[in-house]
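Each of the next two complexes has chain A plus one other chain: chain B in the first, chain C in the second.
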Partner chain A sequence: MTAVRTVLRRIGFYVLLSLVTAFFALPMLWLVTAPFTRHPTFAVTWPDFTLANFRALTDSPDALSSLYNSAALSLSTMLLTVAAAALAAYALSKVRVPGRGAILYLLLLLSSVITGTAVMVPIFQLMFRLRLLDHDLGVILVLTGGLLPAAIFILTDFMDTMPRLQEESARVFGANSLQVFGHVVLPNVRPGLATIAVWAVVNVWGDFLVPFLLYRSPDKRPAAVTLNTFYTEGGRPDLALISTFSLLYSVPMVIMFLFVSRRYGFRLHGGITA
Partner chain B sequence: MRVALEAVTKVYDGDVRALDELSLEIADGEFFVLLGPSGCGKTTLLRTIAGLETATSGTVRIGERDVTRLPPGDRDVAMVFQDYALFPHMTVADNIAYPLRLKKVPRAERRAKAADTAARLSLGPYLDHRPAQLSGGQQQRVALARAMATRPTVFLLDEPLSNLDARLRLEARTFLKKLQHDLGVTTVFVTHDQAEALALADRIAVMEDGRVRQIGTPREVFQRPANIFVAGFIGSTPMNLLEGECVPGDGDPTGSWTDEIDVAGLRLPVPEEATGLVGPGDKIIAGFRPEYVREAEDGIEGRVEIVENLGTTSLVTLATTGPSVQLTVPEEREPAIGTTLRVAPQPGRTLLYHADDGDLIDDS
Partner chain C sequence: MFLILPALWTLYLGLTDYRLTGAAAAHPRIVGVDDYRQALGDKDVRDALGRTLLFVFGSAIVGQNLLGFLLAWSLRSARAWVRAAVETAVLLAWILPGVVVAWLWIAFLKDQGGTLNAILRTPGHDWWFEHPMGALIVFNTWRGTAFSMMLFSAALSNVPRSQLESARLAGARGWQQLRDVVLPNIRGHILTNTLLISLWTFNDFTPYLITKGEPHGASAVLPVYIYLTALPGGRLGFAGALSLTMLLINLLLALAYVRILRRRA
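Up next, the complex of A and B:
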């Protein structure tokens, strides 16, 4: 009797799991079938294995270049974020200012504000005054500003665990501050740098609001914004182009995830491993 | 290169006085050992010489140069830290060559020098290993090799043997002594292990609370500890220190000095070096090592309380009417627990200390 109950409970549990999985998997499935379907709808159907949608996409003026823009924007923002965060975190970890914890938490709080919707108007005006509207530099600065607080917060923790004796050892051998930083500190916090780099790229790659507001010319826009421009003449979303473009848009992130995960073992701060 | 400290004081923030007007001079090529209990300021002194700490006051000289305010990199010293502080992300070869890299030595030459130094310390097979893949003893040699590679003028070693097990420690000790002898580099070695200090040092400085209590050769420090602190610290078995009093003897008939003391009812002659320096009634402390205690008819009476086996000898602790007395006996001659012994120091092996300040009484 109890054995039957256990089996039934098991079956129920797996059915539930399957339903939940299907709920989350369906959009993914759509993402890989729709681009290969001649006239995709919102339904998941067996694909026709046509490449016509990809051809159509290459005819669209800004589609492919926007992917390139996304890559350039992500990478430069990532580099700037990692460089600035590493320097700031090192300083914060080394010079123990009173109230450091409070400063760090305040930073974290600010990070959700800086690139949040609420301050978009002042940021727009700031960029306008600085004549940085429609300028890559402007967008990079704003995005970096948004990422930095959390990046500093995470990296400071990594820096704190780094053994001071290694730095002193290097100094006795004649290393100057920059050499100590480059030769000893950075290699020691590499997992932290990798975490931040990936996180920055993912964030910028997926960000819509900031580039949408700050770029004027269509040819400068990153993919996230371009995705928003695929409409038919009738003003309806062009599902063929949208699905195809979405697929191309997500592939780099998947590749990056696989690469990083193989290289470092994906480690979020706090030791969540996958 | 000569190293000289003149009245060096180091006060850490707050008011920890880690070094207190400390002066000492280390000769060129000397193996100099800083010995003292935990927290006496040995590491601080070493770090002050290295430039990792700046002296609050006083002067540090290396050679003829005043380096008190010089950053560590400009002092031409090499330091080996207690836990080695190797760079975990670099291979053994890169670790050893790191100081050369800072000196902009070309890569190929660096590699050759590192391989050469590594070979001397039997690290040849491990050049491409990471520090984490090495044993403690090997890591210690990598740290030594890294310090050697630059040919520094002064070697600073902070308890480099303390992470090794007892056997490896002995090997490393012999090895280190030979290495220093071959290189002839002025070496300052920190330890809290008196046996290590006696074995390695040309000269030892015994420290307590940021001050030097005695400087001398291992023999001087062992045979004539300058005060009861050093007497209690040096030697694998602690020295017997018994309070006593000077009594009138056959010395000076005027009674201004004497040649006899009374320790726990035992009459002993005043040692030669102290003759004429103590008079009847002076309170003293008599010190004698357990190794120099023998059985004697008219000696101090005590009951055997503990017998500790030291290998070739055993350490016997006697309970007397006063403080307990320790002596060593040859193996297989151990007395049974509870038996009564009468013991006295061998003639000429007693040291006298002032009871008030604990300083050695002698004519020097």
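Up next, the complex of A and C:
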């Protein structure tokens, strides 16, 4: 009796789990089939394994250059974020400011807001006044501003756990502050730097709102904005280009995800679960 | 600087009748708290706020929380390859760029040829048109469950084995163990998770990428409504007042979070 019940429970468990997995996997099927289908529709059909859509994409004027724009934007924002966050986190970790924890948490929480919708009107105007609309610099500054608080938060966590001893012995041997920072501190927090670098690239690569608001010329736009500009002459969305470009645009993220989860394991640790 | 300045700017804008074009664009007038009073009295605004609350409650507080916990709980004892397969599907939904995900869901729920209609054998049913908010809630649950799943599986692995063991010996069944041992242990994680995902959902702009607020604003959650008012609509002052309202709600949520963390520390 109990054996039957156990078997039934096992079966029920796997049925439920398969249903949930199907719920997550089914919407993604289109991304794999449509790019390889001649004249794709919204339906998921068995692909013809044609590369015609990829060839059509290379003829489209902004497609490939926008992927390059995305890469350039992600890398420059990432470098600026990592550099500024490293300096700020080091300062915060050395000097104990009263109420530091609360300030850091508030910054962290508001940072998800800043590149979001609540400040889109003022950001637009600020950039208009600074004459930075349609400039890469403006977009990079806004994105960095949005990423910095959380980056500082994560790095401060890493810096706090760093052993003081090495730092002090470097000082005894006459190293100045910059030397200590470059030769002792940075190598010690390398995992932290890698974390925020990957995280910054993922965020910028996927961000739509900021470049959508701040860029005017089509040739400067990153892939996130360009994806929504593929229309046929009849004014309908050009599904061949959209699906193919979506796939090309997603692949770097998936590769990065696989790399990170192989290397470090895709688990949450540190401050956020505290 | 990029955090504080826009906030102050919003406050100023909310006090003016600033517009993108026309006479008012050159000389914004101070109209005082009128924008704010108007914002809270406006029926469209209250509707957008109501939709946002429904969106946050349905997709984050209920959807992502429950499904995330269910996944974390059932994957604990599953085989390694099952666990890896399920987690990959859930995490992929989370890491794909928002613009791509928007197209995937447009295709998935499309009336002609959409995958869901093919499965349910209901061709021609336009989900995005007929149930815009319901579809958004399901979509956002799909999109964000990965975070809750990861947070809860980290939390569950910290529940002391000895407590579970003694509950089992005392004859507690599965759901009794859950209620008496597991839930009290991870209460803090549930709170943290709920606040974070609420905040993210509240500020999410992806609904714009899918529906643009259509049909007739029936899917315009607050971020979408603000965008439509500010740029296509050109009413920057009014949108500024709405933005400030949004910032205040964000701030309240963030403060609540910090207070709870303090109390636990």
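In this section, the second predicted complex is superposed on the first by the 259 of 274 C-alpha atoms of A that agree within 3 Å, B and C clash if a C-alpha of one lies under 4 Å from a C-alpha of the other, contacts with A are read in each partner's own complex, and residues count from 1 in each chain.
Rule of thumb we're sticking to: a contact is a pair of C-beta atoms (placed from the backbone, for glycine too) under 8 Å apart; a residue touches a chain by one contact, two chains touch by 3 or more.
Treat the numbers as computed from the prediction; the structure is a model and nothing was measured.
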Original post:
chain B versus chain C on the shared chain A, clash or fit?
Top reply: fit
Subject >> Greater chain A contact set [chain C / chain B] >> reply: C
**OP:** Scan A:Pro163 for contacts with chain B and chain C and give back first, second, both or neither.
**Re:** first
Original post:
If you stack the two complexes on chain A, which partner ends up touching A:Arg171: first (chain B), second (chain C), both, or neither?
Top reply: first
Subject >> Touched partner set for A:Leu29, first chain B, second chain C, both or neither >> reply: second
Original post:
Between the C-alpha centres of chain B and chain C, what angle is opened at the C-alpha centre of chain A, expressed to the nearest 10°?
Top reply: 110
Original post:
Which partner does A:Ala224 contact after superposing on A: first (chain B), second (chain C), both, neither?
Top reply: second
**OP:** Check whether A:Val254 is in contact with chain B, with chain C, with both or with neither, and answer first, second, both or neither.
**Re:** second
**OP:** Could you say whether A:Asn188 touches chain B, chain C, both of them, or neither, answering first, second, both or neither?
**Re:** first
**OP:** In the overlay, answer first, second, both or neither for which of chain B and chain C A:Pro61 touches.
**Re:** neither
**OP:** For A:Gln179, decide between first (touching chain B), second (touching chain C), both and neither.
**Re:** first
**OP:** Look at the superposition and give the distance in whole angstrom between the closest pair of CA atoms, one from chain B and one from chain C.
**Re:** 26
Original post:
Residues of chain B touching chain A in their complex?
Top reply: 50-52, 71-74, 77-79, 81, 83, 85-90, 98-99, 102-103, 146, 150
Subject >> Complex contact set, residues of chain A against chain C >> reply: 13, 16-17, 20-21, 23-31, 34, 41-44, 102, 105-107, 109-114, 116-126, 141-142, 144-146, 149, 202, 205-206, 208-209, 213, 224, 227-228, 242-243, 246, 249-250, 253-254, 257, 261, 266-269, 272-274
**OP:** Give every residue of chain A touching chain B within the complex, in rising order.
**Re:** 163, 165-166, 168-176, 179, 183-184, 187-188, 190
Original post:
Which residues, counting only chain C, touch chain A once they are in their complex?
Top reply: 1-3, 5-7, 9-10, 13, 67, 70-71, 74, 78, 82, 85-87, 89-93, 95-100, 103-108, 110, 112-116, 118-119, 142, 145, 150-151, 154-155, 189, 192, 196, 199-200, 203-205, 209, 222-224, 226-227, 230-231, 236, 239-240, 243, 246-247, 250-251, 253-255, 257-258, 261-262
